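Structure incoming, see below.
Here the chain labels run A, B, C, D, E, F, G and H in written order, and each chain numbers its own residues starting at 1.
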């Protein structure tokens, strides 16, 4: 803004043009979506496209626009029809259909730091992978610890040093969602708790796990939405980035 | 009623006939539905038919009856089977299948005033279109502002003057439903907040957005049911009509 | 903004000063509250102070600051301790303790238009009065219709013409919250439905009335939060202002 | 029991046999269901079979057993596969697939009294028919009043005398469920309110209508489960039987 | 209405006067309440006053007005301050402070028929008494069966014949609310199930009992709001009246 | 029953008397409560009196009746006014006011077996003591392990052998309620999980802990109501009794 | 551990090896699941595999690994695709597709003791069978009592002695879930209450039954998750084992 | 552990003593609480004492024990009675009664880094202060931005650079809880969203704000429990520590 004002002061920028520029953010309007090209600089990740509720055509058009501008793209909550459209629009796009992610990243950044992604059960792996792949795409080294839920604590025993070495941990669990409390009591660095909808009956689609995590008696635990592996991985990688390249 | 009573007093109307008339409202009984022909006068919109829960045959019969009496008709929550029956019953019927609307309006009224329809995300567009098309059919000029959610406020920047020019605004949002609060803080005219079921996990089918909007800290915001684009558009057009042709 | 930019272009405003002005909105910072002096122009109402959750001292300080700047002030959700502090800080302040409102408005604007405030029961009157007093302070003529709930429809009979004459209606009801649907079917102008927490058992603090109003089968009905008489009255007065002095 | 004890006292019944008889209620054990042949005498209706959650084979076997013992049978919550099995097992069985009822009643009892079944909307008719057919099978004259919801009260006007003539009324409504309150205020006899799952968004599968009815401000209104047309019709017919043939 | 129209036809009633009469229902407007004098004829009970949410002064004024017109009055949900005001306004008023009822009925009608009021526990007695006293005031003989909950079925054993003799039964229960299902399986006449807020933890203020009763597997059971002893007693007495004096 | 029938057969018992005996269960009717003297034999515990919702006078009268018949008595959910009445009615009555228990047991049975009572936090101790005292009164040896929640697993380390030695374990926890899952994974004998209302915000009065426990991924865990220490202790003692004195 | 430490003290075990052994629990890591071979010893049941949320390939691989180590295996929540994969991986595997169980147990242990499994309705049988088959596989004699719900108590009459003979009872019920309270009042041994999702409307997927059971007024009743027949059967068999082979 | 094992191998540590040490974690058992002296090293904060649900005596004893061992202590959710006991037990203890915190920290660590604490309204300040004071005690520089909610976005304008400079941000909001989404869209570093119970009606004690934050459409936002300012401040300070002193 200061640069713009200096242009106005210097007479190299007309008042009208300056007013227009101040009002116009740097995004591309596709008619049904405003693609934001500023975010990559800010977030360490190009615009992420949430496929949920969008038509395959919309998803493909937005993702292609992002890729053209940013050189890489990540799409979350991808269903098979979205994938078909993405593959037609962006040659070389990769996907993990269980994690419901698609991405194209021809020039991946080098990985650094240490993020741990832990799952309580085998059924929680798709959400855990969503977190792990997101964090990797943001440049984090990721260590996976799957199926180490609280009903068999000895499975955690050999892993404690590994967990303590992580700058940030994503802990994914359905059913009663108790694992983040246990791990939060074992480590000093931030734990991002991610409830899943794995369960039945009184799990109410992940509500039980969500409430359990929000009421965690361990310190250093914060929570994301049910099944939001992307959000958890994003947060862990953001913290990891601060730890390896502090401001 | 007074006219009727004068007829009785003058002896031009028999007591029996008057009693029957007082008891009989001006509607047509189809057996499974009472079609109300008074409403058009009152509401500025012919009887609207809610297709939800009705069979295709019922929807088509009611809509045809409305069209015969009022010269136009609007059907909401239309699914493809309803549409087939409508097209058979009312030649020339139009539809927007994403917005789940069908209508036939051969002699549309001229549009006037200014209604803004704003959507937070691309996924909210079907509900936003339901609002916009409803308001247009009721005679409002409608300006659409789509995909301008709160996580990228700069997308709103160039639009504030446009939003302030509207007599009434429909603001459609899913997930956390925060956009009506932000826009309510920027404009002086009424904001009709419409939550959508876009989201997952703890959105609980739109409940999170609904609660967010009901608790809005901005003044001048009222709320309709989840995904009720029709109701929001109807209210905005009603207010717009008051503003351009006040009583 | 344009004026400011012209100053920069003309050299009468330094770049630094302009940058600072662009960043500084016209509000007063009391340390614990940012009092917004722009709103009166925008909303037709001076900054409204929500006393809920604030200490008496905070409420009195904010209200006095608003009154000093705007010449009038309205405080909602006032409890007796707030009132004591307000009376000390703003001599002449008025209040309706049932409606939990306090206000000082030495030069009230002339009233115009027509707003109806309807209550289903006697117990709903405090919320209805909150709506009515708010609308009056915003310059609306208000007509009250109290205790006319749906279990005795004949009580509505003599009032229908009065209700139809209003530019906007606030309909306040607890328990099953059915009155807005009934009135929405009788009038053409906007109905603002305000649920109250009056009830017991399965009313769940007003939830039953709220859900009833959100699911209203009548068109032209929108909803505010439980017991939010202020918000309902504000919206009705805003619509009334459009109707009497359209843009 | 006294007769049995007298047999024991007289020596015509052995102690062992008496003990066994006291322990054995008069029902037939099919292995997966205990069919109760006492109920017909008690309830005025043969054992009713709830098909929900049962396999087609189970439903057909239970219904055939009931029919063999009682001479008639009513099956509720029938889905098409159940119907196929029933038609094979009980020749001549009738059904109303929208109301999800099947029945066989070769020697229907004469109808008497007066039950009114009222529906708010066209979409509520399946549940209303479930109530009406149940009441008819229990021997009640039934008068149907469909699509007379509260948003168009004039549709009720010509029907009030008819409603007041009923010994009991079933009032079926979805969405906000306000109709029972309105009718409860117009009639003196019992109103059985039956919420339906018709609606969307914040209707939460009929919860809004259910809560509305439970909080009815009208006296003489009681409520059954969502979509429980059978239960409502059963209760209305039971009351009607008391009114025409009092004890 | 016919009589009025005949007056108009005969010229004995002016058009204006007739119009006014058609619009004016027979109620007294106290400003804050519309007292309905029609109801006594219709319902077999004078206007009942719900004290909940009303000030003592409002309750006393409304109750006195009702008593003056109807010769008797019943007030529900009475708290001690209401009682003081009532005793001042209506000399001789009686009350049951546990049942939260106050009434004055100098010329009680003779009692007839048979209503049973059953409570599951001792803690449910206040609500059960509210039902029993209401039914008695409406002219029913009432038989009380208290503390006979399902965890000790033998307590029901000696009472079955008594329960079967009732024209209608009110069954009051908190906690799991199972008693209406058990009794509904033992009797043929209508059971009005009344949940109470007795319980703790997952009873959620009576929600558990309410849901249990709505899902009753017994036929002939309908439900009222939590703690609504008045509504349950009113319904039972209405049914009892039909049984003893059928239309 | 057989003995009674034999008396009838032998002529030593009249038919009328036998009928009366079959209908009359062995309980004392106090008017407001039916005290059940059979239970002590059946349950290993005299009738337990739940004070919740009862007046002090009712509690004292019931408890005195129980003590007179059974020689001991336990009262749960005791508030101070109940205690005063109990002390007047039953000299020597003991109490633990935090656990809300009062009891009188002059001839306690010898303790045997092994029940563990575990609490997650210090704040859960009142409910844990309610369980422990109940189990002790039923004749169990009880070992207490308090403040050993999941956020500090090392606190459990030295206790595992002790926990495994118990025939049954009560595990009491509020907040996220994770402790039963962890302990359920460490022991083979039954775990009775008891959620408490300790917590705030999204604990929703113990709902989070309750849901967590119901969704436990460990086997051998069952759940009682929120804050129901009595029920948990009762169940653990019942299992302990089976283990030490099997049938 | 002591043995290991003695090895270290004796020099027969290197420090490094001992540290590794202390950290390594005896489980097999399949990459996506940690199979726990300790549990069989501890629980009397080989590792149980929960198929819910796992792919058929994952389920088959885990089950085969368990079977190879333990000589038997039980899989719960099996859907047809899981079954196909299991049959390919473990020749001779058995299944009950209604109970959603698969198992292979070539050398079943002898059955002993007495567990009763009771279902309220025919529709609850699949969950009841899940409990019964689980308990049988754990070595319990199981007696089934199906379709004996509370609306027809006489169906229980002839079964009371049988129920009282059981060391532990599983009581399965949907809808209002009242049966455990009734049975809990009739027997002295532990009752495991298992709610089912059988029902509709306000049963909310089994929530009504769950809340009913948690609020049971009978002592000796604990609760498992909705539709968790496995957990209920497991607990009952665990108690039965204690009763027949006490510690 | 390795050191201990080496002692055993070297014979300097007896097997028995080693076993005991392995089982005994370094905590002090006060009978009602296990005080954990390890945590300070691990967490950067001495044991924090949650006063909620504890007696004043318990709180004071635990806090004194912590202070004796760690040289400082923080107590959360302090009510006035707790404070009295704390002041007696720990001379010099400080408190902020609005933030419900008490602490004693005679040798505070130097502050470094940058944490921002933002509140939407004045009523949210107590929770915001709880976060800010916690973060300061953990060694973070804290910048407060209070009363900058979304309904007046211009109040944020002059603060954006300040917000972007923070290593981590705590954003506290009640009512609709929209502020974290807006700020999450403006900054790149982690946002910890803390809902408050400020609000009324459909805020349901903070549930609306909680759901809004969990459904945030902005990336880089995680959530803590309602009113958990301590947890939010703790997390922000933990991230800040990583950023200034990375591993």
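Simple rule for what comes next: contacts are C-beta pairs under 8 Å (C-beta built on N, C-alpha and C of every residue); 3 or more make two chains touch, one makes a residue touch a chain.
Remember, predicted model here, so these are calculated numbers, not experimental data.
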{"item": "Common touching chains of chain E and chain D", "value": "B, C, F, G"}
{"item": "Comparison of D-F and A-H by number of C-beta pairs in contact, larger one", "value": "A-H"}
{"item": "Interface composition of copies chain D and chain G: same or different, split at half", "value": "different"}
{"item": "Intercentroid distance (Cα basis), chain D paired with chain A, Å", "value": "53"}
{"item": "For chain B paired with chain D, centre-to-centre distance based on mean C-alpha positions, whole Å", "value": "38"}
{"item": "Distance between the centres, which are taken as Cα means, of chain G and chain F, whole angstrom", "value": "25"}
{"item": "Chain E: positions in contact with at least two other chains", "value": "22, 121, 152, 199, 201-203, 207, 210, 214-215, 219, 225"}
{"item": "Those chain pairs that satisfy the touch definition", "value": "A-B, A-C, A-F, A-G, A-H, B-C, B-D, B-E, B-H, C-D, C-E, C-H, D-E, D-F, D-G, E-F, E-G, F-G, F-H, G-H"}
{"item": "List of chain H residues in touch with chain F within their complex", "value": "22-25, 27, 31-34, 36, 38-39, 50, 52-54, 58, 62, 77, 195, 197, 205-207, 210, 225-228"}
{"item": "Chain H-touching residues of chain A, taken from the complex the two chains share", "value": "42-45, 48, 167, 187-190, 192, 210, 214-215, 219-225, 231-232, 234-235, 238-239, 242-244, 246-247"}
{"item": "Chain G - residues contacting chain E, complex", "value": "120-121, 149-153, 175-178, 181-182, 184-186, 199, 201-204, 207-209, 211-219"}
{"item": "Residues on chain F engaged by chain D in the complex (per definition of touch)", "value": "1-2, 5-6, 8-9, 11, 15, 18-19, 22"}
{"item": "Contact footprint of chain G on chain A as seen in their complex", "value": "121-125, 146-148, 152, 154-155, 157-158, 174, 198-203"}
